[in-house]
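Sending over a structure as structure tokens; questions will come in a sec.
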Amino acid sequence: MTSLIQSLHSDRQGGDKLHEECGIFGVYNHPDAAALTALGLHALQHRGQEAAGIVSFDGEKFQSERRLGLVSDNFTKASVIDRLEGTSAIGHVRYSTTGETALRNVQPLFADLAGGGFACAHNGNLTNALTLRNELVQQGAIFQSTSDTETILQLVARSKRGRTIDRLIDALFQIQGAYSLVVLTNKKMIGARDPLGIRPLVLGDLDGSPVLASETCALDIIGAQFVRDVENGEIIVINEGGIESIKPFPQMKPRPCIFEYIYFSRPDSILLGKSVYNCRKSFGATLAKESYVEADVVTPVPDSGVPAAIGFAEHANIPFEMGIIRNHYVGRTFIEPTQLGRQLGVKRKHNPNKAHVTGKRVVLIDDSIVRGTTSVKIVQMMREAGATEVHMRIACPPITHPDFYGIDTPTQDQLLAATHTMEEMKEYIGADSLAFLSIDGMYRAMGYEEGRNNDLPQYTDHCFTGDYPTSLTDREGDEDFRQLSLLQEQG
Amino acid sequence: MTSLIQSLHSDRQGGDKLHEECGIFGVYNHPDAAALTALGLHALQHRGQEAAGIVSFDGEKFQSERRLGLVSDNFTKASVIDRLEGTSAIGHVRYSTTGETALRNVQPLFADLAGGGFACAHNGNLTNALTLRNELVQQGAIFQSTSDTETILQLVARSKRGRTIDRLIDALFQIQGAYSLVVLTNKKMIGARDPLGIRPLVLGDLDGSPVLASETCALDIIGAQFVRDVENGEIIVINEGGIESIKPFPQMKPRPCIFEYIYFSRPDSILLGKSVYNCRKSFGATLAKESYVEADVVTPVPDSGVPAAIGFAEHANIPFEMGIIRNHYVGRTFIEPTQLGRQLGVKRKHNPNKAHVTGKRVVLIDDSIVRGTTSVKIVQMMREAGATEVHMRIACPPITHPDFYGIDTPTQDQLLAATHTMEEMKEYIGADSLAFLSIDGMYRAMGYEEGRNNDLPQYTDHCFTGDYPTSLTDREGDEDFRQLSLLQEQG
Amino acid sequence: MTSLIQSLHSDRQGGDKLHEECGIFGVYNHPDAAALTALGLHALQHRGQEAAGIVSFDGEKFQSERRLGLVSDNFTKASVIDRLEGTSAIGHVRYSTTGETALRNVQPLFADLAGGGFACAHNGNLTNALTLRNELVQQGAIFQSTSDTETILQLVARSKRGRTIDRLIDALFQIQGAYSLVVLTNKKMIGARDPLGIRPLVLGDLDGSPVLASETCALDIIGAQFVRDVENGEIIVINEGGIESIKPFPQMKPRPCIFEYIYFSRPDSILLGKSVYNCRKSFGATLAKESYVEADVVTPVPDSGVPAAIGFAEHANIPFEMGIIRNHYVGRTFIEPTQLGRQLGVKRKHNPNKAHVTGKRVVLIDDSIVRGTTSVKIVQMMREAGATEVHMRIACPPITHPDFYGIDTPTQDQLLAATHTMEEMKEYIGADSLAFLSIDGMYRAMGYEEGRNNDLPQYTDHCFTGDYPTSLTDREGDEDFRQLSLLQEQG
Amino acid sequence: MTSLIQSLHSDRQGGDKLHEECGIFGVYNHPDAAALTALGLHALQHRGQEAAGIVSFDGEKFQSERRLGLVSDNFTKASVIDRLEGTSAIGHVRYSTTGETALRNVQPLFADLAGGGFACAHNGNLTNALTLRNELVQQGAIFQSTSDTETILQLVARSKRGRTIDRLIDALFQIQGAYSLVVLTNKKMIGARDPLGIRPLVLGDLDGSPVLASETCALDIIGAQFVRDVENGEIIVINEGGIESIKPFPQMKPRPCIFEYIYFSRPDSILLGKSVYNCRKSFGATLAKESYVEADVVTPVPDSGVPAAIGFAEHANIPFEMGIIRNHYVGRTFIEPTQLGRQLGVKRKHNPNKAHVTGKRVVLIDDSIVRGTTSVKIVQMMREAGATEVHMRIACPPITHPDFYGIDTPTQDQLLAATHTMEEMKEYIGADSLAFLSIDGMYRAMGYEEGRNNDLPQYTDHCFTGDYPTSLTDREGDEDFRQLSLLQEQG
């Protein structure tokens, strides 16, 4: 889920990576439900480091722990896990940001409905949440968070339908955008994926206990078996009687977000049958085919560039080396000594491995370029370490459009590729050459030999194409919206 | 305000004092609004030590800080006060308890209504909050706290009236019980007191800036002038145009809670024209008149028994001495050495001043007896210190009934005076004699020579008489209520 | 003990009370040694609030916990007490200050001597510690703290004597000043008091386990029996065989510090057979005799002025009232609202009880005046509350000289009475009249009808007389000392 | 430095990696001395994660901050760095352990000598520290830590020589073992390396300001130029006049610790002219030459096995893949769900990349084997992920002897290779084949074609050979030593 304000006006950070907003997890009917959920969230920590929460149900009451910070900092003590009693639990990790990060936005969100408790964890972003929220407030609803996810809860609470599952379907028909949900009630655990299946969600099994998770790596950590991906538009209802699949929406072709393969998902995860690691190698190999350059060494920008660099090096037949060493103890920002140059931020995290840089022609492989600020520093660092040539190769196409489906992107004017030509980018970054993977190359690397199907694109790829797969209702009325988040509260 | 569950089933602590649930404060149109509110709450800290909160309005946004713990631990840093920008602020202190103490119950509560933000701080307790809550949840309302105060906000949100003040009046007509409220909107600060004026609320002025507070001691700390008590059933609306008084309810005789004079309010506060300190002295003097005993020394149970002991000693013409010394550094419970007796809990806080106990006939003055557990220990402590006689005198009548208006009382079966005769109490406590102030004596000490007016009692005194001044709607249907507070959350 | 720097150049705080530097406690051969020590230190908390420490011995190893902050904040958890294994323990509380307060100065200090461990807790201050320290450093000693107490340890470590007790006596012969010590070794607990007995130390017994403590109130809290005061110049050696008394110094008349009776000790303590509470009442009564004034009410400056005010009121036959109410929740300093006057600091702690101030002639009783800054504010506060006359009466003589024996005093130029005539003080404070207890009156109040014996003063009273009872070796060479405390370290 | 107890009886952890004890850093005459030191220590964090400390000198006083935890958690706030005033600073990072980890053992240690302050940071371990300590305690020295480093300070304090540098040399002549030191006095910064140069130390230059550091990566982070390695037996004295080199010991051939190349140093560091990364690749390549096996994929145990795996893969011509994915958010130990197997500890950190494991013959490359417990789990994890064959290749020889020079090793009976034959190890680990690098192969990989020079070995390699390069004085008298560390103190 995303804070509503952020999804419209996101410019909250100067970082140079896209950030996934969330990971979700749930387990039903297991004596260690909370401990398993903590582990599952730990495996999904790369999807969100700002905050984490777990809600469990013990047959009578729901227990909730929601904290700012990492899972391993907040959910490892027995005292915390023991409070989360019960045999079912769902959890959520959330991307780290500042400002609008209050504890009240940390998920799972909870509502005490007439029919009982309803806890919900959401990965994705709704594109008409503000519009709906304004209508609901007019009707007397009190929102406690600024999260788009609360809109779902309010719709469920006000539905005229009787059963919780019917109320949820009622709500889902009113929302637009991307969502994978895990819901916990006093009887059921429910998983749901939006009609296009933009965000991932998989179903697993741990000795008979059903598990839902954003990625397969969260199944692996607890030793659960992968059962299948939840399908686009599918609702999975899990209760004592078993697992039921509901498909309330008109059938559509799936259109998952390509960025899960490029950057977000963990390389050891398998999404819709494809190894993320191999997709990245394949992006690298296709990139080598499209934009070969003679060089002495292929070096990834660690750690996300490693698989593409291996693929590139193999295809280009240039030695693969770790030409940049990453400091594992990154942590907080240090006091900048006044007399040091602007390289410090990079050097704190990375250091050139001079043995494979000095006097060499280096191909640098990165997974993507957002603002380009890090690329500038990395290239300069390589040159200062004595590289004779620096060739930048990017294992995805140029990012030219912001996302509204759960990825934190800068506004369009801050996207390097939206405002610069290829030549200008090369100049800005200071590389001897620069090349991106082509859009069709990206699709070919994913196994579509014919490239992108422009009539029915196989993936959600608007960041490269501007082709948004759903309407952007809130976006259209941007200026007219009443101000949200009147209350500022510190965690 | 009270947690709804607690108000029905309170047995949350083994302590031997009644506890006020809250203190409230607000200041309008002053550049130091938040800093003044912190000071005002600090002066009201005796009314609640569990948590404190402040909401300010800066002309555009509301800022909120709500914390578990003391005002002086949480609201003294510039960083905290500076975040609470704006020239209007309201605040709340809350009584310390365990279990249901989540941050979500810390006040002021806030709702982002269609017409703008609405923050509310509440002292008192509603007697039909659960009944209303159940109706609202049926209609699709989502409650985020378990506080009865949120019921007021939900009623305001759903009111069909237009102006916020009309919505508030609409809500007040639906609720029963005791309340003093301070409300902050984007235009106004509002004070309100229930039709009987059960809980206190005073209006002050600081160089032209209106101030609302539970007690006058909160005006004193910031140097504000006392203007007048807010009247029972009165709503004070403060905005840029000035101060307006609204009295929407049918006129009733005021019936303030007598316990404010006995124990809750600070001795330096003046309520409805009466010095709390002098009322307590007068209770002591009347008690001496009613239950004189020959003795060598009159000793208060510190600190709350001091004024009554001075009054008793003066009237009985027996020397007043601090026969029990209080340790100012009380803090947390220590590890009990295994071989020490059960006296430790008392000794950690109190020690006999042997010079005025050993070989003496001692009159011990306490403000009240709840469970009697502390009295047992204090009497035993005096005997072990060598007192030849210990006469217990209590400066209020026997407490026989629980409260439902914002005082945390044990259930009736745990009230010593509800289950024991006078003689049994004396035996239980171990005193040579025991006497309470009579009910009529209490009224005479308050200046009503004729004693209690049983037709139209001058005070709310149900703890002594069982004469509850309002209907107890929730209480009547006790067993049928659906379970509240399905979600347990720490922090 | 005192930090060496502070004892010479003390001006570390703008407060207006003298501060005792320490309290000490020890218990031998009891299964709950650490828990008892925590309680004993809690009862002695008024002697020092900066830091606390406990060292225990479990038959093999010494365990130590030393923390900044209150005993009740740091020594109440089972985890902490359980770490302090063993049947013997000693502890220390230390006065709160800033700057030189590093953890390394928190006592008990410990040395791992050739003969085994040696832990030492010290109340008092040495007057030749710096001189000795410089000599020791020249010889290669490494000091880890800036405390004068470490000088004792270094002298013990370097003694050529064999047995630990002989090494300690060897060390004591070299030091000058005031000390009460409690020492723990792997065989013994030792108590020692300087030849004049300046600081207090008492011996108690808890069911056969010997106890040492600064004051009797620390015996009371654990239910121990008072045995006797340790005598001036006496060393008490406690081991498995029993208790032995050694008096290695030439016999001298005792000369305890009179300030223990005036302000430092708790009123319920009994020192050298005298009730501290009664001494204070007697100071008040004698003051009434010496400086009677017609008035409507006698009011203490709470809480330390209470006993003297009771004594004054009784003798003067003027009603005693709590004319100033103290806020029990003092805590940290609040952000000062910019538009409030300078009264805030006082008002945060005290508020006039207008019912007994407005329109009244008030006699204010305080225990002492140091800088006079608080007195100024209190008098002004009484006037603003409507007192028609304010008469200040101080229950001790004017303080004209700094202390070098363990009391934190400002330098002489900051002592009000050292730099102002009586008339000037009255003007400065703003009172209608001002009077101090006379020196002979003080002695008479203590039971010496003839007043002070100027040849052999019964008490150490240099703060009033300048008559220092020992040589001030360090003081004489003040300017020449090499700088101490080269290392500044945060706790 | 090492805690003395640990160096003799080390068995403090069940981990399966060797741990370096420390990293040291110093900078002289730079306005940002403390900020640079924090950065330098951050770059050396891999050498010790338990604690960190910095001492600076501001021309008058030494400032010290010593904390448990990571540099990036404790030395990034301006408030901390600003307290460390001055233009010279030294720092230390220390390996994480439990028990004997008190703040008093955190370095730099400091002594206030007669000639001024003396701060010292030590990497290495002395082999006669306990023997010397016992002698010093007999002479009256008080040790405050249990660190062997304090022995150096006590020797310096007691030296009869005049100048600090002469006192230091005096001390160094008395100690045995491994040490690289950085010392800060009120005039000088001093670097020293033991006669064999067992632990590393390099000299750098930052715009004219001399820098000392354990590794070159700490020069890189601040942009300093590498000048040269400090030589074995060399003392570098840096003061306002410049840099002086002293070689007080008889000349010896250097014998640096080979483990710096195998595991401890960062791959981007260059030690004695050799790239650590390339040495590791070379170990891998030599290992492939010695113990080739047919396979489908070469996979490192991340992250330390990566360079050796690249070298192995290149030489064996088998594809290199990241067959194990490391979770970057490791943190604390999670609550173990009761029904999960023993794999969790590994899975929390690592997950098989099934795309390159399932159905494959895998060569696993690790840098070393200590106890073998992790290897067992990793091999099992690969098998469960479907590997058809698992061949373990270790890029160093079998570890058969404990270290006494600053590496935390288990006792000999817990070293897998000391107690098992090669076949038994293979069985225990569960691999299809197991091979280690040979000793001569290791030397050849380092560039010595002839292999190890058994007469004058080129490296300190006792962990593989039992050939300890210095006498082990403390070790010989093990049982007779009096117990150290009588005082146990928590942080």
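Think of it as A, B, C and D in the order they're written, each chain with its own count starting at 1.
Heads up, the rule we're going with is that a residue touches a chain if its C-beta (ideal position, glycine included) is under 8 Å from a C-beta of that chain, and two chains touch if they have at least 3 such contacts.
Each chain and its UniProt protein: A, B, C, D = Amidophosphoribosyltransferase.
What you see is a predicted model; the values in this text were computed from it and never measured.
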Shared chain contacts [chain A and chain B, defined touch]: none
Least hop count linking chain A to chain C through chains in contact: 2
Cα-centroid distance, chain A relative to chain D, in whole angstrom: 38
Length of the line joining the C-alpha centres of chain C and chain D, rounded to whole Å: 49
Mean-CA-position distance for chain D and chain B (Å): 62
Junction residues of chain D - those touching two or more other chains: none
Graph class of chain-chain contacts, one of line, ring, star, complete, other: ring
All pairs of touching chains, each written as two labels joined by a dash: A-B, A-D, B-C, C-D
In the complex, chain C residues that touch chain B: 30-32, 35-36, 38-39, 42-43, 45-46, 49, 70-73, 75-78, 81, 207, 217, 220-223, 266-268, 270, 275, 277-278, 303, 306-307, 310, 314, 319-322, 325, 327-341, 343-344, 347-348, 351-356
Complex interface listing, chain D residues touching chain C: 55, 60-66, 83, 103, 110-114, 116-117, 137-138, 140-144, 153-154, 157-159, 483-490
